[in-house]
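What follows is a group of structures, each given as structure tokens.
Shared chain: subunit A. Partners: subunit B in the first complex, subunit C in the second.
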Partner chain A sequence: MRRYFKSLRRFWGTAVASQLEYQLNVVIELVAVGLSLLGSLFMLSLFFGPGRALGGWSWHEALIVQGFYTVLDGMASTWLRPNLSSIVTHVREGTLDFVLLKPIDSQFWLSLRTISPAGLPEIALGLLLVIWGGHQAGASLSPGGIAVVLLMLLAGGLILYSLWFLIAATSIWFVKTWNATEVLRAVLASGRYPVAAYPAPLRLLFTLVIPVAFLTTVPAEVVLGRASTPMLWLGLGLAVGFFVAARQFWFYALRHYTSASS
Partner chain B sequence: MRIFGLNRKIIRVLLGTEYAHMLEYRAEIALWALSGVLPFIMLSLWNGSDARDALGMDGVGLDRYFLSAFLVRQFSVVWMIYAFEEDALTGRLSPYLLQPLHPLWRYVASHLGEQLTRLPFAAVITAIFFLIQPNAFWLPSFGHFVLAWLATWMAFSIAFLLQSLIASLCFWSEKASALERLLFIPFLFLSGLLAPLTAFPPFVRTLAQWTPFPYLIDFPARVLAEQPVDLLAGFAIQSAWIVLLLPLVLLFWRAGVRRYSAMGA
Partner chain C sequence: MIEVESLSKIYRVADKQPGLGGTLQHFMRRRHRDVCAVSNVSFTIARGEMVGFLGANGAGKTTTLKMLCGLIYPSAGQVVVAGHQPQKRHPDFLRRITLVMGQKQQLLWDLPPMDSLRVNAAVYGISDRDAKRRISELSDLLELGEELTRPVRKLSLGQRMKAELLAALLHQPDVLFLDEPTLGLDVNAQARVRKFLADYNQRTGATVLLTSHYMADITALCPRVLLIHQGNLFHDGPLDRLASRLAPERHVRLELAAPVGAEAFAGLGRLDSCCDCEVNLRVQPDELTAVVAQLLDRFEVRDLEVNDPPIDQLIGELFRQGKV
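And now, the complex of A and B:
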């Protein structure tokens, strides 16, 4: 276990050091994050107005959902996108062999090898939005409540990671899967809005098949103190289920892996 | 006669090979087509929202608008900067530059080939849409169809020129695709892909109309959906953007090529 922590520290230390070489990219990233949040808020504001609500959510309540979406999007660009997009490259160029030969768990290596600090401001902005929206919506959280929020956010992150990893793992067969993650991203964009705003069939899809609801809406409901306990358990169950499925699928995929040159 | 290195035979060969090339990647292109579902997600949101009446589109008008927006996007999506960046970084661009054909034509041809490959997938998604929403079904009149096709084609040209402009900055900086991200964000929010422009407050709408973005989705989609729209002004502004961008692209491209020192050479 200690070996894993030590490796992790080295991985991220080198990743941050190499990212700092490209300072202009950091500036561009910051501008992009700012603009993108501004645009999302503008789009959200179109649904509101005097006496209008979106699926029963007020403007400030919807801001919390938007905030959680921003946090998870930031997480995706700090952690998921840099790591999981390189799986495809490893498979195509045959360098996956080197990863598999290392005396360390291959999923651990592939999932945590690098980190891109450019996404961190987005996470911070998202959290600020959650806090501000929660404050304006009159939510008051006990320390226990905060713990539940963090737990649900963690579950959401785990679901997001598992979905992404499942798709990335299919590259063992199909090699080029980064456009499959594009489809995933398009669907995940629905998490910008509370799930109650969608028609019933989509709500079902976003709760059980592609559990977008647990990424943003459920944590926001916890903040507002109106989450139902069964939903929380379902979320945790799905998170564990998706993670186990992703892990099993990875082992299954590896059995079908034939190196690039053979 | 050749225009920028083009004649009829070259056009035929280029389009033929690029289409065959794209056909090989049809599974991938199907996924790309599927990743354009965002307008449908937005449609389902707008349909259930209190703000729907403010859009100025009654009944099935909104369904048709978003379906049209999806279709326009399918046939005006531009990805040349990614192909170009890869070609420039791997040095594949060098032989293209030696040929008498302007390299940009090559990218135009591969986009056209890709659009042709995309056509059946877009048709299937449209058919599924009509199965779910049968009362939204409509067939645009022949005139509207031709006009919408023309508007989409002009939208594609504007998007292509905009991206070529950024791509030619690749000659100066290796990571110009980061700039493309900055261009995509205003496109996403101001083009009408997520909400028709009539939903915007007047101030933002006026602002948006000074950018090329509404003419990339909103205008062609309105023409296709047979929504009331000022045809003359729309086409005039589309042409104006093309006339403005084309010389700029050629200028930047020429200056860039002069700077270009081939990778790996």
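And now, the complex of A and C:
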């Protein structure tokens, strides 16, 4: 276990050092993060605007959902996108061989090898949005409540990661999976708004098939104190289920790995 | 250290005709064909041996090497390397082997090799003190100094390859799989890598399996050679025995005082060329002394030379003809 922590420290140390080699790139990324957040707040204000409500959610309540979406999108920019998109590169260029020959869990390496700190401000802004929206909506949370919120956020993150990893793992066969991950990002984007704001069929789809509801709406409901206990258990169950499925699928995919020719 | 028995690998590849028609047909109904990359190969390699692995492009060398590393599942047969089944990729197994690929790199492109070495040290669970000692030992052997603290993208190909070797050997593996480790290097750099590998084998007693297109690598390092041809093991033994098996005849080169017609050499072996005063003959080894005596007797000879044909030429011919 200590070996994994030490490896992780070195992974991220070298990842940050690699990115700092290109100074201008870092500045541009930070600007892009700021602009994208402003853009999504503007979109949200069009739908919900102060004093308006959609699907039973007020402006401030919807801001909490937007906050959780921003946190998850920040996590995707920080960890998921840089790591999981490099799986495709590894498969195509044959450098996956080096990863598979290391005495360390290959899923651990491929999922956490690099980090893009440009996504961290997005996570911080998302959390601020959740706190501010919750405060304005009159939510009051006990320490235990905060723990449940964080647990559900973690579950949402795990679901997103597992879906992403499942798609990335198919690159063992298809090599190009760029389009599939774009679809996934579009689906995640539907999590900007409370699930209740969508028509019933989509609501069902986002709850049971592609569990977007558990990514943003359910944590927001916990903040507002309206989450039902069965939903929380379902969310946790789905998170564990998706993670186990992604892991098993990875082992299955590796059996079919043929390695790029030299 | 390495035991391979009846190893085979069959790939399923899509069969597609060229052109739009072929593409449509391929899209609607996929046809597959089984390609046998490695077929029924058996050999054993003892601890500390250095073995050369020869074969043309696509002969099945890399596929075999990757099955020995555990990267590819064999279709049939048994492999045991360092007491493990490679395809299980047990951490204990992975700590005892290493793979170096001349055309692929594991070093981080934007950072100095030292950063990649620190990552590898952490992944293999090597303590900082041990890692420092091993890096200084290996960099002495490889003649690497300040290159270790310069970004990899600023290193020459030769320096990069040496740094790759350092990264691959940091965990002191017992078995080294080297796939074209000198690819693209200039003659001096090739010689340095070769010398390093020989030293390393001597010092640590590591087992080495090496593929290379440069015959000089094989002749300098490997007393024993495996030749794989179209997925089959064609030769397992010393290099010179391979030469005599491929071309049992000896080359005789004559320089005469005066030109002689080709017909004069009838019955004296196979005539390769005869122009002006220079004559090249191929003679069966058991007839060699008799033929040389007759040549000296019949002609006025200024110079006479008896050689084995160069091994790379022989293997090249074998690959070109595609027959064994």
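In this section, the second predicted complex is superposed on the first by the 258 of 262 C-alpha atoms of A that agree within 3 Å, B and C clash if a C-alpha of one lies under 4 Å from a C-alpha of the other, contacts with A are read in each partner's own complex, and residues count from 1 in each chain.
As a working rule, a residue touches a chain if its C-beta (ideal position, glycine included) is under 8 Å from a C-beta of that chain, and two chains touch if they have at least 3 such contacts.
Bear in mind that the values here come from a model prediction, so they are computed numbers and not experimental data.
Asks: Kindly say whether there is room for both subunit B and subunit C on subunit A in the superposition, answering fit or clash.
Replies: On the shared subunit A, the partners fit.
Asks: Touching A:His135, do we find subunit B (first), subunit C (second), both, or neither?
Replies: In the superposition, A:His135 contacts neither subunit B nor subunit C.
Asks: Figure out whether A:Val31 sits in contact with subunit B (first) or subunit C (second), or with both, or with neither.
Replies: It touches subunit B, and subunit C stays clear.
Asks: Name the contact category of A:Gly39: first (subunit B only), second (subunit C only), both, or neither.
Replies: In the superposed model, A:Gly39 contacts subunit B only, not subunit C.
Asks: Count the residues of subunit A touched by subunit B and by subunit C, then name the partner with the higher count.
Replies: Result: the larger residue contact count on subunit A belongs to B.
Asks: Going by the contact rule set out at the top, does A:Arg92 touch subunit B (first), subunit C (second), both, or neither?
Replies: After superposition on chain A, A:Arg92 lies in contact with neither partner.
Asks: How many Å separate the nearest C-alpha atoms of subunit B and subunit C in the overlaid structures?
Replies: Shortest inter-chain C-alpha distance (subunit B to subunit C): 8 Å.
Asks: Identify the residues of subunit A that lie in both the subunit B contact region and the subunit C contact region.
Replies: Common to the two interfaces on subunit A: residues 22.
Asks: Going by the contact rule at the top, pick out the subunit A residues touching subunit B in the complex.
Replies: Residues of subunit A touching subunit B: 22, 24-25, 28-29, 31-32, 35-36, 39-40, 42-43, 46-49, 51-55, 174, 176, 179-180, 182-183, 185-187, 189-190, 193, 197-199, 202.
Asks: Taking the complex as given, what residues does subunit A use to touch subunit C?
Replies: Checking each residue of subunit A against subunit C gives 3, 6-7, 9-11, 13-14, 17-18, 21-22, 93-95, 97-98, 100-104, 109, 255, 257-259, 261-262.
Asks: Which residues of subunit B touch subunit A once you look at their complex with the stated criterion?
Replies: It comes out as residues 27-28, 31-32, 34-38, 41, 44-45, 47-51, 54, 173, 175, 178-179, 181-182, 185-186, 188-189, 194-195, 199-200, 204.
Asks: With touch defined as at the start, can you tell me which subunit C residues reach subunit A in the complex?
Replies: 11, 62, 66, 69-73, 89, 91-92, 94-95, 97-99, 101, 103-106, 108, 110-111, 115-116, 118-120, 122-125, 151, 179-180
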